Amino acid sequence: MGTRWTKAAAMAVLLGVVAACSPGTAGGSGSTEDQGGPVTLKVWGWRQEDVAAYKKIFKLYEDKHPGVTVEYVPYKNTEYDTILKTGLTGTNGPDVAQLRSYGLLQPLAAAGSLVELDSTVPELKEFSSDVLDGARSDRDQKVYGVPFAIQTMHVIYNKDIYAKHGLSVPTTWAEMTAGFDKLKAAGVVPVAATVTDTWMLPIQQEIFGATRYGGIEQRDRMLRGEGKFTDEAWVASIGTWLSTKPYWEPQATGVGYDDAKAQFASGKAATFPGGVWEVAGFKTANPQLNIGVFNAPPAPDAVSQKTLVPGFVDGSFGVSSKTSNQAAALELVRWMAGAEFGQAFTDELQQISPVPGVTPKGEVLAQAVKDYAANPSPYLTYAYFSAGTPGAWDLASKELSNAVLGKVTPAQAAASIQRGVDQWFKPKS
Amino acid sequence: MTAAASVPPARIQPVRRPSTARSVGVQLLLCAYAVVAFGPILLVLIGSFRSNSDLLGQPIGLPGSAGLTNYARAWQTASLSTYFLNSALVSVASVALCVGLASMLAYGLSRWRFRGGAVLAAYVIAGLMIPAKLGLLPVFYMFESAGLIDSRLGLVLLYAAGGIPFSVFVLMGFLRGVPPELEEAALIDGANEWRIFRSVVLPLMRPAVAAVTVFQFAPIWNDFFYPLVLIRSDEKYTIPVGLTRFIGEYAADRGALFAGLVLALAPLVLVFVFATKQIVAGLTAGIGR
Amino acid sequence: MAFCLPGAGLYSAMVIYPLLTALVYGFFAWEGTTRGPFVGVGNYLEVLTRYPISSELGAALLHNVLFFVGTMAIQNTIGLGLALILHRNPRGKRFFQTLFSMPFLISPLIVGYLWSLLLSPTFGPVNAALKAVSLESWAQPWLGEPDLALPVLILVNAWQWIGGPLLIFGAALGGIPQSLEEAAQIDGARPWTLFWRIRFPLLMPAVGVITVLTFIGCFNVFDLVYALGGTSGGPGGSMDVLGLLYYRTAFRGGSNAIGESSAVAMLMFVLIFGVALLLERLLRRREVQL
C-alpha cells in the first residue's frame, strides 16, 4: 500500500487549493429590529450556583420593562472562557455576558466582540477609577463592562471550631500560627488548602503573603517599571505563604478545590483561605456552619504593617457587538449600573456590589467591605499583569504549583513569571 | 492486511488439559482482574445509595443510608433526560449516516474498478491516522457561517464524517473475504447497481455493519470535545457535556453525583452486554485480518 | 463513481478541508477572529521560541511519548496476557471479556472524574481502603505528586482501554490454525516456546494494528487528562500533553490565539500523521520478513 499513502497525501494537498475562508466576515451589530415586540435577552455567566438568585433579580427588571424577558444562562466556571470566546464570535451567542476582569477581558475587547460603554452608560461616571480598571481595555482605555462584584480574599473560618478551642481572631501572625498549632494538635485540619486546582494558588499566596510584599505600593512600583516579581519582597511573599504548609492536610498536594471546600463545609477543617464568594456556597452546603472572616496579620519581615485585605473586580456585564437587541441590552446594563440592581445583587447573592452607595446586609460581607475599604491590597498577578500573553496569573498558577511541590524555589518561580511578563509588559510612564 | 490470518476462525479447544491447581490459579487471576475492572464502577453504584454526609465521613461503606433519594435529586434537577435524548438522537443519526455512506463507499471501492480508485481508498483510510480534532477551529468557523453552531445536525455530520475511515477500513476488509458471485448473478439478471447494493451486498455485509455500528456508537455517545465547543444551549447538550455541568453544580453533593454517573452509564452498559458477540465478530472480520 | 461520492465528499468537507484551512490560518496573524497580515512561519517561530510555550511544547511531547511507551508496556502486555489466558481457558470467556472491556464504554471524561474522586486523599475510597488494611504508608496524594501523576494516568487509561488489545488479540489468537499449534506440541515444544515461535509471529498483524491505534490514541488524548489534571495538566504540569497545550493555546490564548494554535495544530498533525505512517510501514515490513 506504500505509495498509495503518498498519493493520498498529494491529493489532500491538491484539494487544499480551495484554501482560505476567513471567519468573522459576517455578523456586525444589527441593532435595528425588535424594538417594539417582546424581547428575550440572554445573559451568559459562569455562576451556575446563582441561577435562582438571578431569576429573582431579573424579575425586578422584567416587572418594570413589559415585553422584556431576561434569562441567565450559566456555564461551568472552568469552561466559561472557552464557551464565551466562541459564543461572542457569532450567532446564538449572548446579548449580555458576564466578562472576566482585567487581563482576561483584553482579547474580547481587542477582537471587537463587545460594545464600548463609556458613551452609552452614563452611570459609569459614578464608579471609582480603580473599579473601572477591571473593565477597561488596555488598547483604547475605554470601558467595556459594568462591574458587578468586588471580591475580597480572606481566611474564612469556622467560628464554632475557633470558639470550641478557645481561639479568637488573631491580631498577630504568631497568634494566628499558634492557633493553627492548637487546632492541629486537636486533630482538626487548620487550613483547607487547595493545591491541584492551580488557579487557587495565587489567591492563597495573596491571602498569606500580601503584607510581606506590601500590596499597593509594590504594585505601583511595578506598573511604573521600577519593581519586578523578582524583587526580594515579592519572592519572600511566596515563602511566607508556603510557611503555612505544615497546617494543611497531610496529603494536601492531592487535594482539589471541591475536596478542600468539602473539608471546610463538613467541619473537618477550621479555615479555608479563599474569596468571599465562597461564603454563600458554604452556607448552602451546610446551613449550620457559623462562618466568619479574618485576614492574615502582618507576617514576619512584612513590608506593610497593616492587616491587608486583597481584593479585585471580579467581573462585569458587557454587551455583545453581535446582539440583535442592542438597544434593549444597553438598557439592561444601564440598570445594572444603578442602585436597584446593586442592592438586589448584594442581598440575593451575598456578594459585594461596586455600585456606589450600595451596602451589604450580611454580617460577614459587611465586615469584608469594611476591612477592604480600610486596608485594600491588589490581586497583583491577576489584575495588573495578565493583559498580554503569557499572563502573570497563568504563569503564577503554574509556578506556585511547582513551588508547593518543591520543584522550584520561590526565586525560580518569580524569575519564570518575570521572564514571561517581560516579553510583553510595557511600564506606564 | 496479511494473508496469515485469513483462515476462518476455528473454534479452538484448549490445547492442553491444565492441572486443577493451575486452573484454580487462572480463575483467581481472572477474578482478581475482574475486581480491578469492575470495582470502581461498583463503588460508584454503592455510593449512589448512600447519603452525602455518610460518603464524606466514610468513603467506603454499605449502601442503604439514602435509598433512592440521590437518584430522585439527580434526575429532577440535572435534566439528565434531556441530555439522554440528545445523546441518543445524535449517536443514532451519526452512526446511521456514517455506516450508510461507508457501506456505499466500501462497496464502490472494493467492487468497481475505476481510475483513481486505489488512491481514493488510500485517501479515505489515511483518515484513520489523522487527528481530526485539530481541525476544530476551522470547523467552528465553517459551522458558524453555515448556521450549524448549536445544532445537533452539525454534530451528526462531524461524527459521521469522522467515523468513515474506520468503517470503510473494516467493511472493505470484510468484503475482500466475500466472493462476488452473488452480485454477478444479480447483474446478469438485469438488476441495476443500486438494487444490487441494497438487496444483495448490504445483507451480505450485515455482520460487519453490525460490528461497525457497535464500535462507532460508544465513542460518539461519549464524545466531550466537539459538543463542548459547538453546542451552546443546555437543551441541546449531550450526556458528557451535560454531566460536566452537573458535576460542577453537585461537587459538594457526592451522593447525587454518583447517582448521576450511574444513570449516565447504565444504557451503554446494557447495549454492550448484548453486543459483545457483534464486537468480537466484527474484530475477527475486520481488524484481525 | 456514484457510490463513493457522498461518503468521500462528507469526509473531505468535515475532516480534510478543516485541516487544510488550519494550515492556512497558521500563516496569518490574527486579531481575535479577524484575520490580519500574512506572517509566513511567524506563528511557528512564536510558539517555538516564546516563553513558556516553547518549553511547554517540549515537555508535553515528552509526556505523550512516555504515555505511549507506558501504555504499550502495561495496557497491551496485560491485554495480551489476559487474551492468552482466556484463549487457553475458554470457560467463562465471553463473561470475562465483557467485564474487562466494560470501562471502554464510559466516557474518558467521566473516567477521569471517577478516578479523581476515588483517588482523592481526603474523601477517596482508595486511600481509605489502604488505611483499612494497614497499608497507610502506601496511601499517596496520587494525582498530586508530579512523579506519580503520569504513571497513574497511564494506569487509569489502561484500565479503560484494556478491552481493545484483549479483544483484538483474542480474535487473532482464534485465527491461528489449530493444526500449527498441535504440530508444535507433538514436536515437544514447551508452552513458552510455543508462544514465542508459533503464536507471537502470527500475532504480528494484530500487534501492528494495536501499536498504530495506541500511538494515535495516546497522542490525541485530551478528555482523560483534562478530567484528571485540569487544563494545566496536573501537578507541576506533569501530565501536560499536546492535546491540552493545543486547547490552551486555542481557547485560553491571547488575541492571536487562532494563528498560534493553528501552528501548534499543524506541528502536531505532522508529528502524529508522519509517525503513524512510519510505524505502519515498519510493522508491515516486519510482517513480510516473517
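When the chains are written out, they are named A, B and C in that same order, and each has its own residue count from 1.
Definition applied: a contact is a pair of C-beta atoms (placed from the backbone, for glycine too) under 8 Å apart; a residue touches a chain by one contact, two chains touch by 3 or more.
What you see is a predicted model, and the numbers here were worked out from it, not measured in a lab.
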In graph terms, nodes being chains and edges touches, is this line, ring, star, complete or other? complete
Weigh A-B against A-C on C-beta contact pairs and write down the one with more. A-C
Whole-Å distance, chain B centre to chain C centre, using C-alpha means? 17
Nearest whole angstrom, what separates the Cα centre of chain A from the Cα centre of chain B? 39
Inter-chain centre distance, chain A versus chain C - centres from mean C-alpha coordinates, in Å: 35
Which residue numbers or ranges of chain C touch two or more of the other chains? 16-17, 21, 25, 33, 123, 127, 251, 277, 280
Residues within chain A bordering two or more other chains: 1, 5, 12, 21, 23-24, 78, 82, 86, 89, 262
At which residue positions does chain B touch at least two other chains? 56, 123, 126, 138, 141-142, 229, 244
Within the complex, which stretch of chain C touches chain B? 1-4, 6-8, 10-11, 13-19, 21-22, 25, 33, 82, 85-90, 92, 94, 96-110, 113-115, 117-118, 123-125, 127-129, 132, 159, 162, 167-168, 170-178, 181-182, 185, 191, 202, 204-206, 208-209, 212, 216, 219-220, 222-223, 243, 246, 250-251, 258, 261-262, 265-266, 268-269, 272-273, 276-277, 280, 287
Applying the document's contact rule, which stretches of chain A touch chain B when the two form their complex? 1, 4-5, 7-9, 11-12, 21, 23-26, 48-49, 73, 75-79, 82-83, 86-87, 89-93, 258, 261-262, 265-266, 281, 285
Quick check on the complex: what are the chain A residues that touch chain C? 1-2, 5, 12-13, 15-16, 18-24, 78, 81-82, 85-86, 89, 106-108, 110-113, 195-198, 249-256, 259-260, 262-263, 268, 388-390, 394-395, 397-398, 401-402, 405, 407, 416, 419-420, 423
Complex contacts: residues of chain C adjacent to chain A: 12, 16-17, 20-21, 23-25, 31-35, 50-53, 116, 119-123, 127, 139-146, 229-232, 234-237, 251-257, 277, 280-281, 284
Residues of chain B touching chain C in their complex? 1-2, 4-5, 7, 9-10, 12-16, 18, 23, 26-27, 29-30, 33-34, 36-38, 40-41, 43-44, 55-56, 58-60, 101-102, 104-105, 107-109, 112, 114, 117, 120, 123-124, 126-139, 141-142, 157-158, 160-162, 164-165, 168, 193, 197, 218, 221-225, 229, 239-240, 243-244, 247, 254, 257, 261, 264-265, 268-269, 272-273, 276-277, 279-280, 283-284, 287-289
